[in-house]
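Before anything else, here is the set of structures, which you'll find just below.
Each of the next two complexes has chain A plus one more chain, namely chain B in the first and chain C in the second.
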Partner chain A sequence: MSAYPVAAEFGFKAIVKELFSYKTGILAIALLLLLIGISVYAVVAIPYDEAVRLWRAGEMTWLKNPRNAAPVWIELFVGKKLPRTIILSSAKGEASKVKEGRRVVIEYSFDYSYDDFPSEITLFFSAKYGGEPPVVKVYWLRPDGEEFFLANYTLRSPDDKYYISNDFKLETRLETFIIKERLRGKPSFAITVERALFLAYTGKLEVLKGKYKMRLEATLASEGDDLDADLVVYGKVHGFTGTDHLRRPLSIALLWGTPIALAFGLTASLVTTLAQLVIAAISGWYGGKVDSLLQRITEVYMILPFLPILIMVSMFYKIDIWTLLVVVIVLSIFGPGVKTMRALVMQIKNYPFIEAALAYGASGKRIIFLYIIPRVLPLVVPGLISAVPSYVFLEAALSFLGIGDPNVPTWGKIINDAFSEGALYKGYFYWVIEPSIMLILTALAFSFLGFALDKIVNPRLKEL
Partner chain B sequence: MVNVRMVKYLLKRALVLYLTVVIAVYMTILIANMGGYVDEIVKSEIRLEIAMKLRANPAYRSLPESELNKLIEARYQAEIRRRGLDQPFLIRSFWYLYDALSLNLGRAMYMTSDSGSSQVRVIILERLPQTVMLFTTAVVINFFIHLFLGLYLSRNYGSFLDKLFVYLAPTSVIPGWFYGIFLILIFASWLHVLPYGGLVDVPPPRDPVLYALSVLKHMILPLSSWIISGFFLGVYSSRTFFLIFSTEDYVEAAVAKGLPPRMVEFKYILRPALPPIITNLALNLIASWGGAIITETVFNWPGLGLVTYEAIGYFDVPVIVGITVIYAYLLAATVFILDLLYGILDPRIRAGAAEGVVV
Partner chain C sequence: MPLLEVRDLRLYYRTRRGVVKAVDKVSFDLEIGETLAVVGESGCGKSSMARAIIRLLPRNVHTYDGKVLMDGVNLMELDDERFRKEVRWRKISMVFQGAQNSLNPVLKVGYQVAEPLMIHYGMDKESALARAKETLKLVGIHEAFADRYPFELSGGMKQRVVIAMALVTRPKVVILDEPTSALDVITQANIMNLLKRLKGEFNLSYIFITHDIALASELADKVAVMYAGQIVEIASAETFYTNPNHPYAQKLMASVPTLRTDKKLDFIPGTPPSLINPPPGCRFHPRCPYATDKCRREEPPIVDLGEGHMVKCWLYG
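Here is the complex of A and B:
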């Protein structure tokens, strides 16, 4: 029994017009335009090679981004002001720098009015020296006037970094001092370096807001030497999308995931559906041996384990995403769609217009491509559109299993990273939710469009 | 009632189905062996192993290097012959096919079952119950939800609830594993009320009742993810299906006669719609036995899907082929039994059997 009556001719304009009469149709088109807009922006703003480079560049490119920082909008849910990253560079004149002979004094000052502690504090040096390296004394000035001596640091290379947060000696020293002299008792929380530097001495885990200063007093080995340094106070939020465990902004993969998902899903669905249509038309029109051969092949395909074979192929041959697309198409061509489409072909096979074509001596090829396929095509378009999400999710699933193309930034890749880094255990929910929302929007756009189109080309569904 | 034409048709059908299985299994063997490449890996492993063993053996330490190499080569050739690896892959692929089809699944190359056996049969049978417990349950629950809600909506066509299902049907394109991620996020990471995944608590409770309860607790999320995923579309499809059936003349006649609605539903709508429903259920049940690779990975559920995935990761061909051949046989057998049942039960199909309009 077929649910599809063979419908009349459709004009493109008429279909679009009718589409707008459905609420779901309007919603689908709006979502689709949004996704296309994001794709165009991604392709124009970050060229593909650049996106791949940025995504694969490793941590060095993103040194001054906070690690695993949440997106800014998380504040709406947390209800407090979370720290942004503060970068002050003496070379760019963002700090006062005085050089007198062999002595350099750099003083950074910044306002800190956030409700949470920074995630890390690091000094990035860039020194110029011939013989002995510079020695830097680091001081910290709090808004309440208290001054901490942090370290006496000898540079090991011209672009050395002082990871203040990882200085365990400093941590023990500050902790002991604060517990003994300021809080007079052990607090209920652990005192890390960042907390010690920013803590209000109330006994609770609170930030002391106000103007902070850091002073570097460097002694150079000779007068020709020089020293500059960037102070980075890493925040806990970063941009609209946040960052991952390698400090990469998720926005790159979220943006570039869109054109990749659309291209992958649409191409796979389009090519598969058209190929199935041609096979169904040939099978239905010629009948007999051709028909039974094609139907048997379809049945073999139905028994072949689709996903395991796909995983095997992509694991064994380490293929990239576009080869994967070809494999997906090859594995889907003889899908169950062939059977439904063949039923449609069988219905119109005996229509008068086909008889007329036969009467004027049209060849089988001509009838299939000029008479049968154009007639059946509108009926399979809704299915084509509705199938797009399944291919998008297929790619996401493979990436999730960790066997997708490692070079391409896709949504599935983000989810895979998030899972393997334990994002759900550690509470980095944004890491999973952001790519998921993109996937859901894509799925719903195509699915709603497919359903609306189905009602238009199969008027019988409208009554149901 | 079984006539000669029918028997002939069924025999032909069985033959075709068996050929289908043979071809599908053979293709899987070719792909899983990477067209013979896996043999090269195995051969180099054998050589390495023999060389390591002989070199580590003190008895051969005084042997000159060339003699030792000769010995290694001889042992290697013997081992290759013993395993039949000296035959070309094309010939061996047919041996593999024969073994697979006769369900002589052999030993896994690297994997072992949880109890330590390397028999493919044991590896598969050990994980099958977990998969059946989870996914077959999901299919059965889904079946009844979709059937009865669909039937209900088709009788209350046009109601608010009905319209809601029509609107929400497209949400079902989102697959179960994806809902699973959200369920873990909400109920495990955020609310801490249900486990992230796995089969039982660690350590597993000793008391069988507590053990069962623990397994049930671990089943809630994966099961829900599959139920949610299929919910709206499943109900929508069965509702539409019943609506088409309820526009038949005999249903109108039954309603006109004033039969009670329940009787109309069960005797006049459900009964004639049963064959395609049963077909669907049977195929879904069979499909559920293969497990679900991604859902099982998301929930770390130790079923057949996870075994398949591990086997692929280890290039463990016998396990991959074993799972495929069992699945292929089950599917073919189900299709055949359905053919047979319809041939016997449905007079319309019985008449058309010669033209092959089954399923």
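Here is the complex of A and C:
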């Protein structure tokens, strides 16, 4: 070892170390780690193709999810226990099934102790038959012992579904029965099928808790035939994030939106800032005609209408997220940043050490990349970091305007869906809040990081 | 044959107020191992001359001509790219005014000293760094400092690094542009001793630019006095310090305080002339006690008094 210890109180490590001395720095790092954690989890747990497939699959994939179900944590605010989705499959042995010759009896039974009515009830058949389809009689047994005959249903295909909630004849029948025989008067609420099946006969809109049963009595055309059925009592909450109008769990888009937003924001910000820096350095260093040309280009670019051009591009070309990224970068390269950075370059250009470099024969390229850019970089980095959320927002805004990648699940897509489905009007506020929270977290993480870095690399700000 | 011959070198700047004649027909010779001290007031064109020799010109150059001969090549005829590659640092290097600012703050010291080697000799990083460390040792800086950044060094050390930078390619001529102006006296003395030692070791030729006549005497073999963009007297150090001939040089010497004799300091009346519109005839005549009508009309010739002693004055013509 040499007699003089080599100091290392600067550089990347030191900056990270100093970051931890600021509250904003710690918060920023915590938030960033959270976002990165979510991204890694998303990428590992749901491969990209799978995510796109799940998101684009349509309603068939998510048939057994409730539609527009709120996230589970909504109960904290509602103060009621909201129904979860109950799925009972006879094929999986979750219901008792008895087959005697051409007769099949399936009996489902479940406890229902929620404070609200289910959103839908559906039977998913899966039958095996050669000639005539099976005929199924459906019975409903309430905890108070009352039994409803629901339907005498003839299957139209082997995987037919009986949408009990949509059976209007049944609805009218049950409604009339309940009003006449049980409530003896018209209640203040409408009686739908779900309500009729679960209503406590108190005159108020209350659920009768207890053990419910559903019995299917099927008659098969021949002994070789078979019938299974899944009973799905759709809840009103689903998972941690809820579902959208296509029954998709929002978690897919929220999870996958994170790496996409981070990648989009970081790449756009990094490439734009660095490109602007190089342009500014070239413009400031060479001066003269080069400078005039680059500055005029910048000025023209700055007045170009950003959105209309993007809309035009998206009209003529198939836009996916990466071409969108390229277009955004191309449109922002000659941004106002070029002007401010050029001013910095002009200042540094006249420093003696640049002249010294010039004297010992350093080329223009060397001076730009080894002398000027490293000097301007620390001043630019906080801005670069703080610009990340603006690009994330831009992507969301573009998705919202429908100029996004239609395939990729992003936060902007969720907001777009929510908006076009009138989420706020219908009270599905979680649908808007969840992606918004993610956007805000991203913005906060990068803004805090930017603030903290600004204090570190531009120490004069500390005094303010 | 002298190592460096400068003939009629002119460097004019274009400004809004007119053409500044910063260097006007300057001629001198520099022998191998010789130190030429260029002295003069601030703004008399000393630094501009240095820049003209190493061709570090600002954007607003009006006229730039004359001859700079070295090894039989007229450096003025080389194009910029060849000049950059063949002359700068290979033949002529320079130590700048204010070493504090002549180092790139984001590069390690060793790397910066090694940089001219990588640029000019295409050396790889390792060997260039090794050579840089050697040179640093030569100027009295421990090689461990090669891994430090400029801000970790003191002013004197930075000056040494800048000198190492100028010497690492072993040039024949080193231009020292006020190399000690921002240093305290002790450090100044150290640096001067270092420069003296290096000169002996490598047989270097210096062009030592300073406004400090006393300091110049430390190093100079020959002294050139500049006034208003022109050299008015060149003489060997001995002659100059004992018997300056040009009235300006005489006045200049008389204005230097001495340590042991109790003399009244002289000053030169008036102000240095504008370089945009210099006085006709001899440029010193408005301030000269011996000025005649001839001085006011005609530019004096350069009079050779023998042994390389030249004076630009009508008193000797």
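As a convention for this text, the second predicted complex is superposed on the first by the 454 of 464 C-alpha atoms of A that agree within 3 Å, B and C clash if a C-alpha of one lies under 4 Å from a C-alpha of the other, contacts with A are read in each partner's own complex, and residues count from 1 in each chain.
By definition in this document, a contact is a pair of C-beta atoms (placed from the backbone, for glycine too) under 8 Å apart; a residue touches a chain by one contact, two chains touch by 3 or more.
Not measured: the values here are computed from a predicted model.
Trainee: Where does A:Phe400 make contact in the superposed view: on chain B (first), on chain C (second), on both, or on neither?
Mentor: First partner only.
Trainee: Does chain B (first) or chain C (second) touch A:Ser390, or do both, or does neither?
Mentor: After superposition on chain A, A:Ser390 lies in contact with chain B alone.
Trainee: Of the two partner chains, chain B (first) and chain C (second), which one does A:Phe446 touch, if any: first, second, both, or neither?
Mentor: The answer is first: A:Phe446 touches chain B but not chain C.
Trainee: If we overlay the two complexes on their shared chain A, which of chain B and chain C does A:Pro374 touch? Say first, second, both or neither.
Mentor: In the superposed model, A:Pro374 contacts chain C only, not chain B.
Trainee: Between chain B (first) and chain C (second), which does A:Pro308 come into contact with in this model arrangement: first, second, both, or neither?
Mentor: Once the two structures are laid over each other on A, A:Pro308 reaches chain B alone.
Trainee: Could you say whether A:Tyr212 touches chain B, chain C, both of them, or neither, answering first, second, both or neither?
Mentor: A:Tyr212: touches no partner chain.
Trainee: Who does A:Phe316 touch here: chain B (first), chain C (second), both, or neither?
Mentor: A:Phe316 contacts chain B only, not chain C.
Trainee: Do any residues of chain A touch both chain B and chain C, and if so, which are they?
Mentor: Correct list for chain A: 3.
Trainee: Note which residues of chain A are touching chain B in the complex, please.
Mentor: 1, 3, 24, 296, 299-300, 302-305, 307-309, 311-313, 315-316, 386, 389-390, 393, 396-397, 400-401, 415, 424-425, 427, 429, 432-433, 436, 439-440, 443-444, 446-448, 450-451, 461, 464
Trainee: Spell out the residues on chain B that touch chain A in their complex, using ranges where they run on.
Mentor: Those in contact with chain A are residues 16-17, 19-21, 23-24, 27-28, 31-32, 34, 37, 157, 167, 169-175, 177-178, 181-182, 184-185, 188-190, 196, 240, 243-244, 276, 290, 293-294, 297-298, 308-309, 312-313, 315, 320, 323-324, 327-328, 331-332.
Trainee: Quick check: in the complex, which residue numbers of chain C touch chain A?
Mentor: 54, 56, 59, 84-85, 88-89, 93-94, 96-98, 101-107, 115-116, 119-120, 142-145, 147-149, 152, 162, 165-166
Trainee: Any idea which chain A residues touch chain C in the complex?
Mentor: Interface residues on chain A, with respect to chain C: 2-4, 6-7, 10, 287-288, 351-353, 355-363, 366, 370-371, 374-375.
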